[in-house]
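Letters A, B, C, D, E, F and G name the chains as they come in the text, with residue numbers starting at 1 for each one.
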Amino acid sequence: MDALTLHSPILAVAIPLLAAFATPLIGRLSSRARDVFVIAALASMLFVVILLARDVYEVGIRIYTLGALSPSQAIPENHMVPVRLVFEVDGLGALMAIITAVVALAGTIYSIVSIKPETGQNRFYALLLLLVVGIMGIQLTGDMFNLFVFLEILSISGAALAAFRTRFVDAVEGGFKYLMVSTVGALLFLLAIGIFYGQYNALNIAAIASAMQYTVLDQVALALILAAFLMKSGAVPSHWWVPDTYTPAPAGTSPIMYASSLACLAATFRMLFSLYGVQMSLATVGWIVIIAGVLSMFVGVTMALRQTDIKRLMVYHVISQEGYMLLGVGVGLAVLSNPEALAAYGREAIAGGLFHVINNAFFKGLLLLTAEALFFRLGTRDLNQMGGMGRTMKWTCAFFLIGALAISGVPPFNGFASKLMIYESTYLFNPVLTIIALIVSVMTLASFTKVFQSAFTGPALPQYKEVREVPMSMKLGMGLLAAATVFISLFPAFVVDTIIYPAADALLDRSGYISAVMGGG
Amino acid sequence: MLNIITYILIGIGLFFNLMAGIGLLRFPDFYTRLHAGTKCTTFGSIFLIGAVVLQAIAAWHAGGWEAFDSTIVFRGLIALAAILITNPTGAHAITRAGYRSGVKPIHAVVDELEGANPDG
Amino acid sequence: MSKIVRTIAQAVMPFVFLFGIYLIIHGHLSPGGGFQGGAVVASGIALLFVSFGFKYVSTFLREDTLSAIESSGALLFIGLAFAGIATTFFANFLLGSPVFGSIPVTGPGVGDIWSGGTIPLMNIGVGMKVSAGLSAIIFSMMLIASKKRGGEQ
Amino acid sequence: MPVLTFWAPIVLIIAFVIVLVVTLLYRSRGQAKFKEGTEQGEVFYSGENVPEELQRHVRSHNMYWGFFEAMKRYYDPTVRAHTGIVNDYLIWLLGLTALAGVVIIVADLL
Amino acid sequence: MSQLVLNAPFVAVAALTCVACYIIMTQKNLIKIVMGVVILQGAVNLFLVTLGYRIGGVAPIYTETSGTLMVLPVPQALTLTNIVIGVSTTALMLALIVLIYRHTGETDAEKSRRMKG
Amino acid sequence: MNWTPAVIVLAACIAIALIRVGRGPTTPDRIVGLDTVNTLVVTALVILGAAFRQPVYVDVAIVYALLSFVTTLFIARLIEKGKF
Amino acid sequence: MAELPALNVIVPLLIVVSAILVARYKDLIAAVIALAAMSLLLSLQFYLLHAPDVALAEAGIGAAITTAIFVIAIHSTRRT
């Protein structure tokens, strides 16, 4: 068990990677064995991640050096800077790893039945596992170039998954747009890496951070990084690909792709806090992030209100909810250099944003899965042609209600808790932001009322007389996410104290992040 | 002496390559340009790589026939062989493709390949 | 394409493959390695396709085989990485063993092919992966292209 | 100072359950006049002719119609901006990069 | 003089980036946009390799020359990775374009779109 | 031995061939220009390998010579309008 | 002798020229030919910068395989 804990940072990435390449070989033998194998791999990944997270919360930042004589030897003898690949896991990494593992498991369980009608399932599972590798790697790595590689793995497998059902033209189109935009974004990021390497002769994030001077070149690099990662996470000025890509993505992958967006968001925070930190002009960058957040919230929710395609509507909420996270963390970023304001509301704003991340990963994933369940049984995503499904698909209806109430911030659910944290802290910073956030919350409730009214209530339509409840594995996948949502709803204080505040502190503790690799400080 | 021979070889090679360039620029139609572009450069490469190989052989000999320069001799010869095999074949493929795609020689009156066996 | 091209392609093909394999297994000593050698091998496959046509090649080259080779190459690579986990992931566990020798130093005796520990084996894994992967890419694109022509007729 | 010290969902749920129990108790004391299948179950539509059951369902396209009409000046440019052309997406991305760079550099100079 | 010469590839990088941005912003043909992305990849690769160049250095390979100055190996490794990633993205993009063409009969970005609003 | 002028003249030849690639009225003309560029670049690579006194560099030239052939064949195949 | 200042100027210039050619052509085949030329010259530039590994990869992947994929894609779509 100790050895497993010692090697857990790399195992969390290596297990799905190994499984991704073993899946096609096993799939040639039997498809049932392949399904069991994929689930087992993801479950063991979840186990490893839990071990890792427990260790991180007990001991502190974990580093893992690949190919060294011992995992904790980040800097070889006779060297000043780390030259090997280093994995560095702090509170934020552990939080995102837990989210990814749970969501990936749920999505894969859901996929087992829902992907049955398609051809090429071996490839589907291999791509799914590669996507998980990309998300995991982005969270755990401590190396800029490695981050780029994982980002590209994420983009390629994500685009291939989005375009997986090639018989639909919109699926192909969405995949193409995603791939194009993210390739250009990743190239911008690589340009920034080149700038860093040229200046500081290092690729390790901690090593660059310890040498950071915030020169003009660093500012250019900051702009490139900020644009690339905000685009990948779907913030507003370049959110256009999000609805086009996520809408036609196959069932079961939607929550995982949403987790990939959240992973890019977390990588943005990592870059802003751990790489640049107090070195940069905080008010400017903080306000850039806040404005992006407010725009995301408002544009996302108003566009969502207008949609009649059920999944597209929910995907616009992806953008809208991402605005809350950007708002919370942006407020924290703007007051980072002011210790009093930070203690009064900054830390709480960051914690609220991160709490919203974990909440959204669960209930938003659940909502996307219910939308796909309707599509699976009805064959249409058009809300105009739906009605009365609450009578026949009772479980789906119940899961939808849980998700919809949680996302709208109706009190007993976890969405309310995280939104409350964001409201309270932003009100002390700037009341206008809070008012906008409240309006957006009301509009969220309105749009989900629309979905509920037109899909689940009303008379039973004759063309859907034969529709039955979705199969067991799909219910299981949705149930897992619903259970997670309900658990967080019931014990928010426990979750916040155990996972969220360590993550927020990890973001604030830049010197700790640096000294974990560079030693001493 | 050796250097003079090498310079002469380089001169011949560069002369042919320049001829190739001028021909490529000045000739009137596709077939004549191809004539210049592929034949002359192949011939020029023989001399240029030959010069390199000659120098390397000399250095090899000076080092007592065991020096590291032997590799450059053999690799240069292999590269030359690759050029000599692939370039004419490529030229053939281009001509054929050009003819098939309907490019006619300028000033030509008689097309002897009209109706020839397509797989010839 | 024409008989001339086919003949030459047949003659050049083994040479291309040989050179690709040379680049793969000699990659830790000279320019080359798994990526480059794999690309050269895949270019050989592309030469096969372009000179003999898709229909002929697809009688003896199957996509299943390619994807199996690709997966085995990747598994070999990751398996070697896992094999070092007694110390750390990716540790060069063959270093210092009687077969694979020690770290190459400059001076006499360099160029010994067994001097890289696990690196040559990893190159082989990467070479399998890249060559089969790129061949599979070209194969799939050719499949799409030939299907479309068939559909039109 | 953490917010969640006073936010306890368990308390809220207990209160909800108590209110539910009270309501049910109050409801059980009412009169049992309602009978299914009689005129009491029919739909009352302001005295108009009641449409058929399938027509009664409000399609999602018709919901919030007034809101969209009122917000037309906001919605028209926003929807038109989402063209669906890859070039536009890339222009937005590169433009965002340029804008962020200019803002960050200028703010640092000032 | 040599400083100026070292800067020439950087100027080329800037020019290539501009050309690539021009292509991906104005050209409507999807295949043409992919060509723009390929040019952008080439620009970034050239940038990385030029960063690692040192005047008078040789390739970081242990051959007969020992003790001489070497160019930096890390940017070359990065470039190799980027080349391999680039070819896979290019292949995937082109495959998706072919599929779009078979669905819609168009490779134009404006005419082949189906989703908007 | 001073190899530099030879390489510079070769670069000038490459530039001329690129003009043909740019101007060529028909596609086959452009392919001829590309093929010429290929051959010249292979020669230049071999000469540069000698100039740098790095024999292992010549591997690149061999690969180049073999693979440019593939490129030429593919484009020729395309304009020939044949089936793949 | 390892420094070739003139070449280090000419070759990037040629690369940029071929990239501009790519941008100019509406005909995709011509653009692909210019792209292949750009790839080849980029490989030459890598070689000049003492990166034979990268030159090898660029020659194998950038020049041969990318062009092949482009050609197949153009073959199965339309030419302009």
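Keep in mind that, in the parts below, a residue touches a chain if its C-beta (ideal position, glycine included) is under 8 Å from a C-beta of that chain, and two chains touch if they have at least 3 such contacts.
As the structure is a prediction and not an experimental result, all values here were calculated from the model.
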{"item": "Other chains in touch with both subunit B and subunit F", "value": "C"}
{"item": "Mutual neighbours - chains that touch subunit D and subunit E alike", "value": "A"}
{"item": "Chain pair with more C-beta contacts, C-F versus E-G", "value": "E-G"}
{"item": "Reference subunit D; chain at largest CA-centroid distance", "value": "B"}
{"item": "Subunit A-subunit B separation of Cα centroids, rounded to whole Å", "value": "57"}
{"item": "Whole-Å gap separating subunit B and subunit E, where each centre is the average of the chain's CA atoms", "value": "30"}
{"item": "Separation of subunit B from subunit G, taking each centre as the mean of its C-alpha atoms, in whole Å", "value": "21"}
{"item": "Euclidean distance of C-alpha centroids - subunit D vs subunit G, Å", "value": "53"}
{"item": "Touching two or more other chains - residues of subunit A", "value": "176, 180, 184, 243-244"}
{"item": "Residues of subunit B whose C-beta touches two or more other chains", "value": "68, 82, 86, 89, 93, 96"}
{"item": "Residues of subunit C engaged with two or more neighbouring chains", "value": "1, 5, 12, 15, 23, 30-33, 35-36, 40, 43, 46, 50, 134, 137, 141-142, 144-145, 148-149"}
{"item": "Each pair of chains that touches, named by its two labels", "value": "A-C, A-D, A-E, B-C, B-F, C-E, C-F, C-G, D-E, E-F, E-G, F-G"}
{"item": "For the subunit F and subunit G complex, residues of the former touching the latter", "value": "2, 4, 7-8, 11-12, 14-15, 18, 21-22, 24, 27, 30-31, 33-34, 37-38, 41, 44-45, 48, 51-54, 56-57, 59-60, 63-64, 67-68, 70-71, 74-75, 77-79, 84"}
{"item": "Partner subunit A, residues of subunit D touching it in the complex", "value": "1-5, 7-10, 12-13, 16, 53-54, 56-61, 63-64, 67-68, 71, 74-75, 78-79, 82, 84, 86, 88-90, 92-98, 100-101, 103-105, 107-108"}
{"item": "Footprint of subunit C on subunit G - complex, ascending", "value": "52-53, 55-57, 60-61, 64-65, 68-69, 72-73, 75-76"}
{"item": "In the complex with subunit A, residue positions of subunit E that touch it", "value": "24, 30, 33-34, 37, 40-41, 44, 47-48, 51, 74-75, 78, 81-82, 85, 88-89, 92-93, 96-97, 99-100, 103-104, 112-115"}
{"item": "List of subunit F residues in touch with subunit E within their complex", "value": "52, 54-57"}
